[in-house]
Every structure is written in structure tokens, then in C-alpha cells.
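Here it is: the structure, laid out below.
Chains here go by letter, A, B, C and D, matching the order in which they are written, and residues are numbered from 1 within each.
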Amino acid sequence: MQQRLDHWAERVSRGVARRTSRRGFLSAFGRTLTGVALLPLLPVMRGSQALAAEPAAKAASTDPNACEYWKYCAIDGFLCGCCGGSSSTCPPGTQQSPITWIGTCHNPADGRDYIMSYNDCCGKTSCGSCFCNRNEGERPMYRMSLNNDVNWCMANDNPNYHCSVSVVLGVAGK
Amino acid sequence: MQQRLDHWAERVSRGVARRTSRRGFLSAFGRTLTGVALLPLLPVMRGSQALAAEPAAKAASTDPNACEYWKYCAIDGFLCGCCGGSSSTCPPGTQQSPITWIGTCHNPADGRDYIMSYNDCCGKTSCGSCFCNRNEGERPMYRMSLNNDVNWCMANDNPNYHCSVSVVLGVAGK
Amino acid sequence: MWQRATGACLALLTAWAAGAAVPPPLPAEHLGLATLPAASPHWVWVFDESNNNETDMRLYLWDADARRQLGQIDIGFWAGVAMSPDGRTTAVATSYFSRGSHGTRTDVLELTDNSTLSITAEIVLPSRHAQTIPLHNIAFSGDGRLVYVTNLSPATSYTVVDLAKKAVVGEVDTDGCVLVLPSRQRSVSSLCETGRLLTVQLDDSGHESSRKMSAPFFSVDKDPIFIQGVPTSNGLLFLSFLGDVYGVDLSAAEPAFAPVWATMSAAERGKWRPGGAQVVALHRKTGRLFLQVHKGGDGSHKVTGDEVWVYDGAAHRRVARWPIDVKKYSGVQAIQVSQDDKPLLFLLTETSDLLVLDAMTGRFLYAEPKLGQSSWYLLNP
Amino acid sequence: MWQRATGACLALLTAWAAGAAVPPPLPAEHLGLATLPAASPHWVWVFDESNNNETDMRLYLWDADARRQLGQIDIGFWAGVAMSPDGRTTAVATSYFSRGSHGTRTDVLELTDNSTLSITAEIVLPSRHAQTIPLHNIAFSGDGRLVYVTNLSPATSYTVVDLAKKAVVGEVDTDGCVLVLPSRQRSVSSLCETGRLLTVQLDDSGHESSRKMSAPFFSVDKDPIFIQGVPTSNGLLFLSFLGDVYGVDLSAAEPAFAPVWATMSAAERGKWRPGGAQVVALHRKTGRLFLQVHKGGDGSHKVTGDEVWVYDGAAHRRVARWPIDVKKYSGVQAIQVSQDDKPLLFLLTETSDLLVLDAMTGRFLYAEPKLGQSSWYLLNP
């Protein structure tokens, strides 16, 4: 698990490093990525997310193409499951975004909170189906890694936004 | 009147001539334009239009932004009056199409039939307001000058289609 | 925070009390890229004109059995689309602008691999491809080697592209006739305003070797045909505004025209009419013909259908009338039928709802609402 | 044919029988090009995100008195938009692709003459302008000579464009802080994840001469502010998720922060919240503050409003609650007020309906339905 996350964080960081070496990136963004790779050290993310318990009833959906599905608690976009992908898979002919925003979602089936990576799928125009905007723990643009208002395809060769997925990274905290 | 139509036809023909000298144009398109300039000699257009009397009630609208307005009997697109222009004026920042399709519409206010030129306004993307599709006397693409399914901005420097106007050319027949 | 923690504890305690083992946490997921399943005759391509955003037209690939969208191909501004004879490639002729809706215009032919939905090649075209509805404005040659792209400037011609050379190899002037109706290995027919068919024979290099104008086969003034030509076993079938069926045999060097037959009875004729964007479909094996019809007069040829009328195409008689719930789904713009032994009938409505019916019984299977913005055409390779 | 002719004759005969002169035929019309009337404070610019077609975003210009659309500016893919201080020019920072949704990316700054709605200049930008919501990602300098364009790659910076030279003259690294909040002649502030404001002073050549980081002025963790900054007489006003008002004075070399005040009572706090895309507007002359609010908990900061709450900004007290018919128009995404003496309040709803109210009385004047596809922001120069 930890190995996998490290691998993911490394891949992401390398992907970004290829595109930038600015201190702006390292200060605002790199810190959070490092945080993701070190799961127990995420006080800010846990703190901001902990307030988002309210819509628990809605979050009970078990349909991965429903906006209420538990994994989508901070998604903003078209659900890739309606576009030829799935909740964690980009549709054929698109490219995954190497950079991403982060959320923490509560899974009612096992009572656990999970850290989620909300990746965009890129390279084709807006899918247009199953638009879903939820903002549990989402924060404004100055908290970049918790923000879903920017185009996370921005660093792709083709930054056109097509749809969004929600990838389980691991259990939050304990 | 006749002078004005001749002027119009000449302007249109010159506009087109700048862009093409193909016999295809002359055979399919030039004939009809010539026909327009010689109003009494329009048997085909009068004939095809004469069948279109049915929706007379609808055509009674006096609101030039309503699809039912009499001038729009063969229009297919966004009414420019909803986009910053009017029933015969293109919106600011767009360009008028020099080529056009032709219809004959019945004006319930004076009981006369009028020859209409349906020009497109070009150079910006689809206006998106007041979509109106009426097809009295409209004919398939092989009758090019009576067809509203092609982009009549095609010969403009910027062929993006924004909206459509309906310009009175003159009384049909007598 | 406390409530959340309590809730989680309770869930675990409940599981433990019920004698269940505490479930392991969900494993980390891997961000993946979906691949397409094997092609199916029940796939259908939905053409979205994106009426309010015409620079962003697209094709959606819909799997009617799985009842899900499989992917999307972006097709630009007023695109023409054709499927290769082997079904493996989608060819798109379209226009792009260097600044979205302005700047330099570039017309291209883009080839997409239908197994990955990725663009594999681009060939720049003369900037005059026909910006019109997506019926017959682009076509593959019989052997899949050439692609014909209709031009309209408003001069009429078509560009010939050689896919092996990935290059434009010629342009054929069509003398005012329009569209590309391919037949045999290297023949292309076009519809003329005189009601005739112009047929041009190309040589292997893609250049014109001969042309022939047919006799008029329909009356442009009295009862024009829709431009939609439906593939038959030997050519194409056209439908007129009043519902007459015109069969055109394109299997020989010169087209031959079958006797015209009427889908409408004398009482119905001129009162019920076909209408919409794509008005007729044919299931070739059974000869079943499907029309979307409405009640209306002249000038209503683009009014959407509220019934599907089914014909035995050999016996020339109607075998069924299937009313559509147009109050719920809006009127029918487009109709298409799959060509397999358990054919599905596809209808697209004015509000872009895709309706799927059993083509043999008319049984309504399901509706997928709002499949795009203004999805008014269907391709079924 | 006969019926039509008879009808026309009858109309003429009736006119004649009534003693009226037969009216002359309508004169031929001339195909014209509309010009804009003189600018009005009741003009409002509607930003359409074109959610389902993001390469085709646009601005619509609406005349609230004439109740009609005056025109459109095409703004491409995830554009930032700003009006020049004199109101004459719209600056658009956007991305285009050589093949619609693919091909080479080119970022540009386009200048549009607001009296003709035609593009007058283009300056190519480094291809990293921020693709995000259209709030403060581009701005004019106080004298209108420079334009600042936020970059995000995800490294954060902004490009400085000199409009006199029509060229990029520099780039300022913002050390992780984002957006461009202009003040004075050559100052630019940005919001930081620590709750501080970074203020960079530029020289006349558009290069950084000094920078200063403020103390934290809000709590990023406990109650973050929305990024929307509303122009006040001396700077900007921000609203927090819980409805606190943060005034920032940008008139001196270093920002000064006014005492924070609450729009929500203790009983309302955390239960009623501002939410949507553009949550607050200020009528500067009267100091009236307008919030769109809804009932909701944390995470509901983008939920649309169903009431407008009006405040006396000097006295810090609520003076009115105006419920909106959200069943009819859907919830409120954006709010804006004109700055004249008879101010209008503009609301844009989730379904892109524009509602126009008297800003002093709350009287509902009219609704223009469906002004675009996903028009969720309003600019009022």
C-alpha cells in the first residue's frame, strides 16, 4: 500500500517535474503530494474533511454512475463511468492527468474514510454526461491541492477536459 | 426595385466570382441568382412555394423575434434579432454572408407574397438563442439555392455561423 | 468529528456483534485507461451537431446491449463522417480554426482507429469541404483505399484522398451535382438539381476516367427525394417527400432505377409524411423498411415523426404502425436499424433521447435520455 | 395555389370594399450590420462557461433596459476576462488548439473593442495561463496600460503584458500564491494558502521592483474566504464560507485589513451560508451588500442560493431578505449590481436564467430565460 502510494507520488512528481521546476510549484503543490505519500501526516486534510459529514444519507448510493456514490464526495465534472470509462478508469482515447486534487470520502459500507485522488481524463472535449459537483472538503484555489475549480488537465500535452474519476489511494489516518 | 435587386444580384455574383470560377457554381447557383434578378420569370420557385400555404395561422405573428413571424417561412437557424441584430441586420462584430438561400413568404398584413433572402451572419460561433426551423418551399441540397441545410457562411473569410436574417427582396410575381 | 468517529465505530461494532469478521479496507485503486470490447452489431454511433456550439460537434459510441456509452470522437465544425468498409476506421472531414471560432481555417481528414478511439492520421484538405448535414458528404471507396470528400464553396466538387499515400490525389468537378454516393470499386454518384444522377468512374490513381449523366429518375418540382440514401443489396434506396420509394441499382457501370412504389395509401398521401433529419432505415436481410412519419403538409419535411411505419419492402405493404411517446421523449429526428439477426431499431429524438426498440416486434426496450446536445443523426457501420 | 391566390385577392378586395387605399408593397430591405448604442450602466456581461462544450465559452452583452442581447464575444477555452478601466476594451486570456480539441496549444490575449465587438489585437502568451473559473485570473493595471494574466502549470505566476507595446514584458513568480488583484498604478496582490496576501510592486517597465507578504488575514482551515473580491472604494471585500466580511484596503503601499464583521447571526451561522459561483455584490455609493444564501452545512459552498440577503455595509446589519422563486428559475449561481443611482440587481441561475430586480426595493422586474448553456458569472464594468 505504502509502496504503491509512493510509486504514485513519484510518478506524479516526475510527471510534474518534467514540466516545471519553479519554486511556486514546490511550495504550493509539492508539499501536499509529499503529504499524500505519508498518510499518517495529513492533519490539514483530515481536519477540513472532518466537517463534511452531513450528506451521509446521500452518500449511500452504490451506483458508481450516480453523483451520490460515496467516492465522489469532492468531484466536479462529468463522471467517466458515463463516458466510456469507470469510476477509476479513463475512457478510450483519452489521457489520464498526472496531477490531481485530493479528497477524503467516507465509505458507508465499511465505515472507513478513504483518501481519494480526483484525476481528470484529458484530450477530448467535455463528455457532457453525468455532471456531478460535490464539495466535501473542497477548498478555494489558494488551497490548490484541495481545489476542484481548476482544469487538472492543465499539465497534459492535450489539456482538454473530458471527464473525472475518483481513485482510492488508501485509508485516511488510522 | 428592379434596379435594387439587380444591384443585389450583381453584388452577390461578384462576391462569389471572387472566390470561384467553376462551372459547377455557374450551373447550379448562378442560374437561380439570375432568376432572382428577373422576378417575373420564377416559375419553379413560385411553384414550389405555392404549396406551402398551410401554416397561415402560425405565420400571423407580428413579433420579429418569434419563429412564427411571416418573414421566417424558410429560415433554419438562430434569429439575429435575439443576438444583437434584427430580422434584417447582423449583430455587431459579425459579417454578412454574400451568398444566400431564397424563399417566398406570404405577408398576411397585405396579402402579398415576397421573395426573401435568408442571409447568415458569420464570424462568431452559434448565437444559441431563438432557434427557428421552418421549411416552406425549402428543398434538399441538390436544389442549392432553396436549401437551408448548408452553412451559408461557407464563402466568408470566417465561415463560423452565428445567426440568420430574412431580408425582403421584393414582391413575388405580380 | 466525534459523530463521524462514533458512526464508524458503531458500524464496526455492529459487524463484530453479528459475528462477522471486520472487513479489510478497500485496496488502493490504480488509475486506468478503459479499452473497448470487441465490436458488436448493436453498437451505434450518435452524431451530435452541437447546434449551439458548432465548433464542437462529436460522435458518441453507444453499446445498445450494455446500455452504456463506450467513448467519443471529437469531430470539429460541420463534420462529415464515414466508416471504412471493414468497420475499423472512422474518417472525419472537418474544418478547424487557429483561434477557435476565428483565425486561419484548416480543413482536414482525420482517421480514428475504432478499437482505441485515437486519431491515427491527418491529411490536410483543400479548405472547401461541404459544411452541411452529415449525410453522404464523405465516403470510402468499395475497397476502402480512397476517401471522397464533398466540396461546396459554393462550387461543387469532391476531393479524392488516397489513404495508402495519405495524400490528396485529385478533385472531381461535379457540375453542380452534390454529395458522394460510392459504388463498386471506384464509382461515385452525385445528385443533380435536374433529378438525374451523375456517375463518375475513377481510375486506380483516383482520377476521373469517365462520367455519365442518367435520365431524370424523380421529379424535383413535384415530389423531391430526401438526400438520405439507404444501402440496399445492390445500391441505394431514396424516399420522396410524399413517401414514394426510389430504388437505385448501382451494381453495374450505369445506374438502373427500380419501379417506384408508394408507402402511403391514396388517403394518407400528402397528409401523413416522412420527416425529420434521417427519415428511413432498411433491414437488408428481411427487407423490412422503417419510416418515421407525422401528419403535416408541404414544408413539413423536417417535422419530427411521432410514429414508425414498418413495411415489407418486397411486398410493398405496411405491416405495422408503432406510435412513439413523443410527449415523453419528443419527436423522432433520426432512425436506424442494426443489420444482424436480432435487429434493434434506434430512434433519436429532438431532445437527443436515444430510444431502443426490438426491430421485429416494436417492443420498447429502453430510452437513454439526453445523449448529447442536438444528436440528430445515427451511424451504424 | 388557387386557394392562395384567392386569399390574396380577398384581402385586397376587403381592403377596397372598406374604402381603404390598397397599401403599397413593402419596400426591399437592405442587409445591414447593427451598431451598438452608447454604453449604459445597465449593460451586463454574462459569462457562459459552456460546460458541455468548453472550447466554446462566450460572453453575451445584455442591455437590461432594452431587455435584449446586444452581442457576443467568443472567448475560447477556460478564458479569463477583464474590462479596461475606461470600459472601452475587453481583454480575454484564453487557449486555442490548432485542431479544435487537439493539436498545438496557443495561449493568447485578445483585445475586443467594446463599441464594435470586434477583435482589435492579439498578443501571444506563454502557454500556461490559468484554466479556471473566471474570477481575478486576469486584470488591467490602474492606468489601463498593463494586463496581468494568471499562470498555472501548476507552478503559479503571472504574465505581464504591455498594451502599448502589444507584447509580453515579464513574468512574476508568486511563490504558490494565486490570482491577480490589481491596485494603485502598478501593484498586484495574490491570495496565498497561508491566508496571507502577497503584494508585488511593478515598475513602469512591468518588472517586479519589490514584494511584501502580509500577515494572515483569515483562517484557511477554520473559515476560508471565497476568492471573489468585490471592489470597494479603497480596495476589495471578501466573504468567508460562514459569511464573515473581510475588507482589504489596497490604497497604500501595504494592504490594511478592516475589522471583520459577520453577516450571519449566531443562530444563523453555519446553518445559512453564502454559496454558488459568484456569491456577493456591493453597491458602492449606498454601501449596500447583497449575498445569495441557502441553508446548508460545510461542503455546501457551491450550492446555489434561494434567497438574497441585503445588508447596510456601514452599519453591518441586514435590511432585507428577498426570497427567489427557485422552483421556477432554479437556484442562484451569480449576483451582480449596477453602480448607478437607480441600480439593478442581476441574478444568474443554475439554468442560466437572468433575473433582473430593482436593487433598492427588491422588486422583480423580469427574467430572461436560458441566456446561454451554463452562464454562471456576471461582469458589470
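By definition in this document, a residue touches a chain if its C-beta (ideal position, glycine included) is under 8 Å from a C-beta of that chain, and two chains touch if they have at least 3 such contacts.
For clarity, every value in this text was computed on a predicted model and none was experimentally measured.
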| item | value |
| --- | --- |
| Chain located farthest away, centre of chain C as origin (C-alpha) | D |
| Inter-chain centre distance, chain B versus chain C - centres from mean C-alpha coordinates, in Å | 28 |
| Chain C and chain D: spacing of chain centres that average the CA atoms, whole Å | 40 |
| Length of the line joining the C-alpha centres of chain B and chain D, rounded to whole Å | 37 |
| Per-residue overlap in chain D, given as positions that touch at least 2 other chains | 52-53, 55-56, 74, 77, 100-102, 373 |
| Shared-contact residues (touching 2 or more other chains) in chain A | 51, 124-125, 128 |
| Chain contact graph, described as a line, ring, star, complete graph or other shape | other |
| Chain pairs that touch, as defined at the top of this document | A-C, A-D, B-C, B-D, C-D |
| Chain D residues touching chain B - in the complex, by the definition given at the top | 1, 3-4, 7-12, 23, 25-36, 56, 58, 61, 68-74, 112, 116-118, 370-373 |
| Residue numbers on chain B that touch chain D, as the complex places them | 1, 4-5, 8, 47, 50-51, 53, 56, 82-86, 88-96, 106-108, 110-114, 117, 119, 124-125, 127-129, 162, 165, 167-171 |
| Sites on chain B touched by chain C in the complex | 16, 19-20, 22-29, 44, 47-48, 51-52, 54-55, 73, 99, 123-126, 128, 131, 133-144, 149-151, 153-155, 158-161 |
| Chain C to chain D touching residues, read off their complex | 50, 52-53, 55-56, 74, 76-77, 94, 96, 98-103, 106, 108, 110, 119, 122, 373 |
| List of chain C residues in touch with chain B within their complex | 51-55, 77-78, 95, 97, 100-102, 105, 128, 130-133, 152-157, 173-179, 191-193, 220-221, 224-227, 297-302 |
